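Mind having a look at this structure? Questions to follow.
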């Protein structure tokens, strides 16, 4: 579907000049193809995560294969499934313990907006607890949708504003 | 201050095997009191995936409730549909046509195989056998392809409806079905060679977390975990439903009731399920509208115009996603009677009775209204006896709906099973109970 | 000789550079939860780490002992040809003494894991 | 032992405490008094009737109509392959009943779930705590008077930035 049109979070004029944009481009390229993801799986979308992670659909082709189970080494928090009110503090703790730069993918209708469970027990969307970068619709989303979401996240990482300190006015 | 913190003595180490743990399927927190690596005491905390299923069901009609039942045991969704639907059918006292019963048996057996495949895949992968995980998920992909061809969705199918099934099998369903069975057989043979006599696997699972028959019955075990302890109780044999009494299959039993037996029982059950499927496919009555579907029908808009003047006789071409639920196919797959099922689309578009039936079915306060009273019906689920207890007060919403979750009882025995073992033994024990969050916490 | 120096120079500089660059240029956003230990996301049950049972130290100590013994074998193996047959006697005595220690530890039940 | 005989045996040994409810669908349903729950269950579990497995234990809220909660026990005997459903009413004013965790071990969690969802206390239960909901949660969700969407978040929600 052609090159994705640049969006608001693209960097405007880079104050570091030519060198900074080049380093930034290389940094973005390096980060986007080596995403260590922390699978925060709770419910049914976990089954589609298994399909997407395994041999048939295999999102390892996009560089997201390395599954780490410690937030210290994780770049991307893959929130898959329903987050209940009891699970919310656990999610918040794991998100806070992740090191910068970090991204979050909310996979499945329950993580995006509480899904079909609009009642006392479920958090209506995890963006009420942590900032989310990419939302994946679907209950459960097909593996292709998960792969597409990973591409969108990689595009966002590639064109992200400069977040490393060089010539940034504090 | 939880129970374990009060009971723990001073010099032992207290750690969490918390909800967000690779082997805890994300929804269980086990607080362990350790003496070195030996577990002296433990407390299991559940409820991390409590989604208020039973409360939500009191606000939904019987027909709209179906998608919630897929998400209970999301590893074998079709068996949940079957359990819920047969409970309501028992309350309404309706009989489903023969072909629909055979299709239900085939689909729930495929769902049982995919349940055991995922359970064993997770259990073995957490003990380090990553190849088995990839093999099993590949086999499950093939099964899901067949399920998707018939029901339209890979996992959350809501395919088995009150009164029958939503659509007939695809005309050339045999292609994908045979492929699924062939791949599953090959994968089962590979893994039997890989694991059954594998020294590491036997050392990890043999004589670990033994559940002797008295303890298993006392804790209310049912399904593979109870049969692993040697007690022969399978609902398909004890209280035969659908057409299970016309199909022969054995009920595999374990002898010691440890993790290895729970693994072996699930492996053997998969072979039995495939045997059931093959017999069911032969015995299934042919769909009576084989040739009717061949004739070229007219387009829906012409049918609507034609129906204004005279009663429409020709067959109407329906849209692809309604394939399989045409009017001629319905007598095979759905019970008659407008009180229980949605009228066929051709009637809804072309004549007024169909339209009225359609409206009356979905209007609030009408639809399916079972008589007052309560009912309990259970089905052999992936983990054991999956029972629905429904109290109806005559309206179209259940007054109370309770699910008898098989893995709830098995996980409640976890504390006793892992006591005295090492930390590393918690993982295969927890994997062999096949805890599914959606079914446990409802 | 200068190649060795060059190798050390390049690897040293590269190593320190890679380590430090992260500290200098990396984004720094710390919050109180980040410094707490990771306990699968749930609040931890003990605020202090209790001492590990004694048998772990025992195993570590014995390992250290017999590992050092093996280390002495390597130089002996190099000069084994030059010294000739008496080398065998020296090493046999050395290993015998340590074997005595091993048997003593075994009899004392140091290797017995489950009491 | 056939269900018919079980009911007669029950009526004989516990006069006045047991009454059979005719069931349209052919299940055997028995209503018992709340105070005799423990001895009846023990009688059913032991030798003659051999209902060795407690299949399920649930509670239904009839506060609006009959002003009581109704406890529903499903027992199953593996040897004779029979199921029996036992109901007993818990009046609104005194919400407690004997706990069965002495007889069956899975009653422990089943009763904790009912305490969590309905607020019925079980006398003699080892640790009467909430099972599913978290500590700071007030109210009992499955009661009919608890609104469906009344959420009590455990951590402060994020302001939309």
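Letters A, B, C and D mark the chains in the order given here, with residues in each chain numbered from 1 onward.
Just so it is clear, a residue touches a chain if its C-beta (ideal position, glycine included) is under 8 Å from a C-beta of that chain, and two chains touch if they have at least 3 such contacts.
Since the structure is predicted, the reported quantities are computational estimates derived from the model, not experimental observations.
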Next item on the list: Please list the single chain whose C-alpha centre lies closest to the global protein C-alpha centre.
Entry: B
Note to self: Using C-alpha centres only, name the chain that sits farthest from subunit C.
What the structure shows: D
Margin query: Tell me which has more C-beta contacts between its two chains, A-B or A-D.
Written below: A-B
Margin query: So the centre of each chain is just the mean of its C-alpha atoms; given that, what is the distance between subunit C and subunit D in Å?
Written below: 58
Notebook entry, point to check: Once you find the CA centre of subunit A and the CA centre of subunit B, what distance in Å lies between them?
Noted result: 31
Next item on the list: Find the geometric centre of each of subunit A and subunit D from their Cα atoms only, then give the gap between the two centres in Å, rounded to an integer.
Entry: 45
Notebook entry, point to check: How many Å are there between the centre of subunit B and the centre of subunit C, using C-alpha atoms for each centre?
Noted result: 51
Item checked: Junction residues of subunit C, two or more chains touched -> 40-42
Notebook entry, point to check: Which residues belonging to subunit B are in contact with no fewer than two other chains?
Noted result: 18-21, 47, 50, 52, 55-56, 441
Notebook entry, point to check: So which bits of subunit A are touching at least two other chains?
Noted result: 86, 89-92, 94, 118-121
Check: Could you list each pair of chains that touch, in label order?
Finding: A-B, A-C, A-D, B-C, B-D
Notebook entry, point to check: Given the complex with subunit A, which residues does subunit B contribute to the contact?
Noted result: 18-22, 25-27, 47-52, 55-56, 67-68, 70-71, 74-75, 118, 121, 133-134, 137-138, 140-141, 144, 154-156, 437-438, 441
Note to self: Could you list, by residue number, the parts of subunit B that touch subunit D in their complex?
What the structure shows: 3, 46-47, 50, 52, 54-56, 58-59, 90-91, 93, 215, 217-220, 222, 231, 233, 238-239, 371, 373-376, 378, 385, 387, 389, 391, 399-400, 402, 404, 408-409, 412-413, 416, 441
Check: In the complex of these two chains, what residues of subunit A are touching subunit C?
Finding: 70-72, 89-94, 96-97, 99-101, 163-166
Next item on the list: Going by the contact rule at the top, pick out the subunit D residues touching subunit A in the complex.
Entry: 132-134, 137, 141, 146-155, 157-158, 161
Next item on the list: State the interface residues of subunit A toward subunit B in the complex, per the touch definition above.
Entry: 39-44, 46-48, 50-51, 54-56, 69, 81-82, 84, 86-87, 90-91, 94, 116-122, 139-140, 142
